[in-house]
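If you scroll down you'll find the structure; I have some questions about it.
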Amino acid sequence: MPHETPMRPFWKEGGCVVNGWLAVPSIISAEVMARAGWDALTVDLQHGTADYGSMLALLATIGQAPVSPMVRVPWNDPTHIMRALDAGAQGVICPMIETADDAARFVRSCLYPPQGARSFGPIRARVAHGDGYGAAANAHVQPIAMIETREAVENLDAILEVEGLAALYIGPSDLASAHGFPPAMDRTEPELLEIIARIRTSAHAKGIRACLHCASPTHAAGGARDGFDLVTIGSDARFIEAGAKAALAAFHG
Amino acid sequence: MPHETPMRPFWKEGGCVVNGWLAVPSIISAEVMARAGWDALTVDLQHGTADYGSMLALLATIGQAPVSPMVRVPWNDPTHIMRALDAGAQGVICPMIETADDAARFVRSCLYPPQGARSFGPIRARVAHGDGYGAAANAHVQPIAMIETREAVENLDAILEVEGLAALYIGPSDLASAHGFPPAMDRTEPELLEIIARIRTSAHAKGIRACLHCASPTHAAGGARDGFDLVTIGSDARFIEAGAKAALAAFHG
Amino acid sequence: MPHETPMRPFWKEGGCVVNGWLAVPSIISAEVMARAGWDALTVDLQHGTADYGSMLALLATIGQAPVSPMVRVPWNDPTHIMRALDAGAQGVICPMIETADDAARFVRSCLYPPQGARSFGPIRARVAHGDGYGAAANAHVQPIAMIETREAVENLDAILEVEGLAALYIGPSDLASAHGFPPAMDRTEPELLEIIARIRTSAHAKGIRACLHCASPTHAAGGARDGFDLVTIGSDARFIEAGAKAALAAFHG
Amino acid sequence: MPHETPMRPFWKEGGCVVNGWLAVPSIISAEVMARAGWDALTVDLQHGTADYGSMLALLATIGQAPVSPMVRVPWNDPTHIMRALDAGAQGVICPMIETADDAARFVRSCLYPPQGARSFGPIRARVAHGDGYGAAANAHVQPIAMIETREAVENLDAILEVEGLAALYIGPSDLASAHGFPPAMDRTEPELLEIIARIRTSAHAKGIRACLHCASPTHAAGGARDGFDLVTIGSDARFIEAGAKAALAAFHG
Amino acid sequence: MPHETPMRPFWKEGGCVVNGWLAVPSIISAEVMARAGWDALTVDLQHGTADYGSMLALLATIGQAPVSPMVRVPWNDPTHIMRALDAGAQGVICPMIETADDAARFVRSCLYPPQGARSFGPIRARVAHGDGYGAAANAHVQPIAMIETREAVENLDAILEVEGLAALYIGPSDLASAHGFPPAMDRTEPELLEIIARIRTSAHAKGIRACLHCASPTHAAGGARDGFDLVTIGSDARFIEAGAKAALAAFHG
Amino acid sequence: MPHETPMRPFWKEGGCVVNGWLAVPSIISAEVMARAGWDALTVDLQHGTADYGSMLALLATIGQAPVSPMVRVPWNDPTHIMRALDAGAQGVICPMIETADDAARFVRSCLYPPQGARSFGPIRARVAHGDGYGAAANAHVQPIAMIETREAVENLDAILEVEGLAALYIGPSDLASAHGFPPAMDRTEPELLEIIARIRTSAHAKGIRACLHCASPTHAAGGARDGFDLVTIGSDARFIEAGAKAALAAFHG
């Protein structure tokens, strides 16, 4: 009896998806993360160190656990989006969406006709998610647009009108840089908090989800209380760095 | 809620395990095989083309489907056996077991003390199979010895006395070579059929399982009817070769 | 005495090139395919699972056999086209050519000045095809444009006017989606058959070759009889899937 | 006490940077090159055979020696530029810059806001170059534009007005092709020498550095005497080819 | 001026070497560890997931920081020992040394003649550590034998007589298993503490160093206070697991 | 019409095989070497940096050129020998053969029954060399034993009595170390020259070939004149090192 892992509901009704972040392209680190209890895991092709080949292996590895498979593509480029989806990603996070046209092109790359222009050939997605993948894909794939520049904030209303967009994803580092602050996550500046809140409430007003990239679980828990639909906490590489430094400090201290 | 894939019963009570064979070390070929309906899949480190790194990725990939993960190690060498088990293999097929001492060393490498001398450090096995892995391993790991030389056939009774051996596995190519026949599977020569039957019945008489490597499903079905507990059919590389040649013949024919 | 594999005539005069498809990025699967009797083999960077590094290894591997080396790039992007050609591809299949401008940019990426704007640096191509590669490349490289959308069909005449285009390649899945049919190959719908025939005859009328992507050898043989200059049959991944399922059905049946 | 390799001054005051070229994506070849005495080393993603994953390993490998890490990206595409910089490259050579707009987009991809639009996430760069990387990056990163077409030469003055450009880099092969000469390095034709000299002097007049790609050390030494700020000599792959052929000729001669 | 990283004194006079553990075979995780402040780092080929190729890349990566490069080989097998040393390891940890003969064979594999029988060909070691590597190797290479079975403890005195052994390394998990306790690190059972202390004091009495594998920094600090010359704390994979679980607990808690 | 590269005569009647050496595990370096004019190429698994996976790719890559494929295994271990042969090697160089028993075990691993005990499963060898591989293998495979220790020289006569040995291969570095000289190739010391000559003449007296590892083409030409049947010159890694240093010296000089 063949076995498949059909794509499931991605969002938590009445709750917040807790997303882990894979910057390390190894089987063992990915499986450790996949078994740790995250709701979703994102392979980061933008600022992480996976490439196509390791992304494919990581998506297969995390396919062993009940986590929603996501990929952050490095750019709004149909090649990356298509290959991430064909490799089995359910959520696609796209950086630097600044205009409604950017968003529309992004969605178009994510969805099959007639809603979009994704080319057909789901090499791993069909194998992993079953023969019904082609018919079900448009209902399950989640195009998630990063809002992280001044222009994006200015164009927020227009972006939110784009048919097929599933969620906005706030990248606090670039958003801060764009507004003259040093890049970092877990912001506390009122000006940035106001913008972040505005992105969330504007999205929700249009029935679009909102996601927040966080460094600490405390900040993420605050985001969840504020109503974000997905929060990301740290990354595998950050856990190594923090763990090693804490161990050495404890040893020497 | 973390998720695990604890090791399950390996053998089919009253039936025959159908085992697929991975000679191609790629994610997509492994996942295609994993979703095809096999009961078990074997990564072949002896005559296949995987090495340690690809074996690890293949075991994670097939971990997505309900197939028992197996590895054929290249030699009765504790390094290979230990690393295959630490990577999550449940069954280990070891070639060229010729004496009771060979078999005892093989079993010793597969089991933790006090039954054996396997070193502790199940890097992926614990992550994949859960925190109870260490305590459960000896009950679930299956040491499977290949019988494929004259000396092995002569020493059959002694080999079958070795505590902890789960099964014998017949490699018809080498067994045939050893007896003066050209190497191939799916034998029909009475002399070889007699030896093969003797290995199976001797094993069963001692409560040890018996396995048969086959090329064709027809031969494998015959093996199952004869009472083999596990049969292997073909390999991914052979399916490509046969498929390509059949397609070209059909096109040109 | 050094040895080289200069690029040879690509098309079969009065016959049809039979093309195999590599979706599995492994040495052994590629060599099995290379020895199976295909006239050409295509490394698929769009919907297959090779990336740049494995493409390079696959092109070297299939360079052992007398098959024309081809690459399907994932997009009409000069990076992919340039790197595929520098790696030794003779034919380049480019998806989603929709306008004459698309086709002209594609050809421009394939050819050296003055016919095009390909940058010089044929790292493996010169080594594999000999020191004369630079001078001979424009005469031997085959830019092959995929026609797979409504817009492409509408712009067919303009596309066929583009200087330097070698062939059109029909992708039946996307072509069907674009016309409201479910994606699949080996179409039988009169509306699609008419479009497919029109693409072929329009191309031939302009002295451009026509190619058809097929699933089955039967359909491919029909394509050859219809006058297609190249037909593709199945893929390595499909041969594994079909072979495994057939073996299991035969075993259980 | 943690250790870092902060980015250092890139140019040699009053001297010429001697740059080696990595076309072979292996650890041992990169380390051999890194220990050989070059001032800088360039991983070539355009016409070399590294991809993202091997580039990351090569940059870490050459990080052991006091060489400035550089990457030639395959195209003026923000994905490649961002990932090369995040992986720790200090110099980025971008091919086919033809207009001021090309150059401005290239610089914009290299620099963080407010000077540019590089997205923040220096995954290896921060680890390799220290926690001060983010603040120091714009002062140390070197955007280097290749001038290698007729259009580029015509637009030279406009290109040199682009704020933030560090240097021009002359690619003699493509520059020659563009002007009707066969592609090769180490040119001697007066027409090309005049263009090459003009690019250098125009750059210097604007306070921009000039770099020359060379095959032989003799030609490179001439370039240095002429005032070029950086010269490249040969490549690892060329050293193998020349070394093997010389050894065989010496043996047989 | 070429640059090298000659092998330096390995041990801390009057202090304790703090050793990190690499189970994840990726460039980024290795570099994060290398910059974290460890005195030494060990690539684990026994229970980690690196193989030869990734070991080579990891040794080059950590060569950027002032950490002593170590490898734990999977078995007392000259192939693994030779290849780890040729790849640049200074310390070699060998598991399952049970007799003086085991220890003598291990040392023999580590040292060049006349002290040992290591074959000459330090492919990366000479490049990384300089042309003087061959002459200096025997003075700097550290053969470190794991003591982790009953037999090893019984043979302790004989093992300590072996000329050239640099240190004993206690593997608490296997040592515990061998004595009937469940495998784990950071033991508190008096019987095991006594054995561990005896190994340390016996080694010191013979001028041999003693090393302890630990899970927590607290236990490692205790080991250092007790006089161990090297302590290992955790591993990169464990830091990910602990970090992810702590973050999720903090989020949900 | 399928294509194969059947194994050909390995030795040059009346001449000397000139062998190149692959220490760099990359496709491009291997193909550059394969096209350079060597008679044979050796993938070095002992002191080079290839592992099983890269060896497989290198053997496929050099299979494009008319060079005899060879592998130096790291040890006299049936796993390495079997996997090198199954991957398509025709010649196998085995280090550290010291006794007739070593040599007999080595030959036994190389040959199929009844001459030896090689296990059947030539995964790439059959694909590369044709369906007749199994029957032809014993006639074409060349077991080549390295003579590089005092014990080996003392046991020379006994070693040369071993049935099936094709050649002796002199490793001058280890041979020199064993006799109290610093390790290096291209020896001039009378004591070593006498030993080297004795190995060659003793082999020839028994109808066994003799091979010499050299650094320079001059020394190799001398070896050929002396009657060696195969000489190795340098390596790809050495060509890079020499080429880079010569280029930098020429630039600065």
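Order of writing sets the labels: A, B, C, D, E and F. Residues in every chain begin at 1.
As a working rule, contacts are C-beta pairs under 8 Å (C-beta built on N, C-alpha and C of every residue); 3 or more make two chains touch, one makes a residue touch a chain.
Source: prediction; values computed, not measured.
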Those chains which touch chain C and also touch chain A: B, D
If a chain touches chain C and chain E alike, it appears here: A, B, D, F
Higher-contact pair (C-beta pairs counted), D-E versus B-F: D-E
Chain copies touching (chain D, chain F) - same or different residues, decided at half shared: same
Inter-chain centre distance, chain A versus chain F - centres from mean C-alpha coordinates, in Å: 52
Distance from chain D to chain A - Cα centre to Cα centre, in angstrom: 34
Averaged-CA centre spacing for the pair chain B and chain A, given as whole angstrom: 40
Per-residue multi-chain contacts in chain D, two or more chains: 23, 25, 27-28, 32, 36-37, 49, 51, 53, 56, 77, 123-124, 127, 237, 241
All pairs of touching chains, each written as two labels joined by a dash: A-B, A-C, A-D, A-E, B-C, B-E, B-F, C-D, C-F, D-E, D-F, E-F
In the complex with chain D, residue positions of chain F that touch it: 18, 20, 23-29, 32-33, 36-38, 49, 216-218, 220-221, 224, 231, 233-234, 236-251
Chain A contact footprint on chain B (complex, rising order): 1-5, 27-28, 30-32, 34-37, 56-57, 60-61, 63-66, 123-124, 127-128
Residues on chain F engaged by chain E in the complex (per definition of touch): 23, 25, 46-49, 51, 53-54, 74-75, 77, 80, 95-96, 148-149, 171, 173-174, 177-178, 180, 182-183, 237, 241
Chain E to chain F touching residues, read off their complex: 51-53, 56, 77-79, 82-83, 86-87, 112-114, 117, 119-124, 127, 134-135
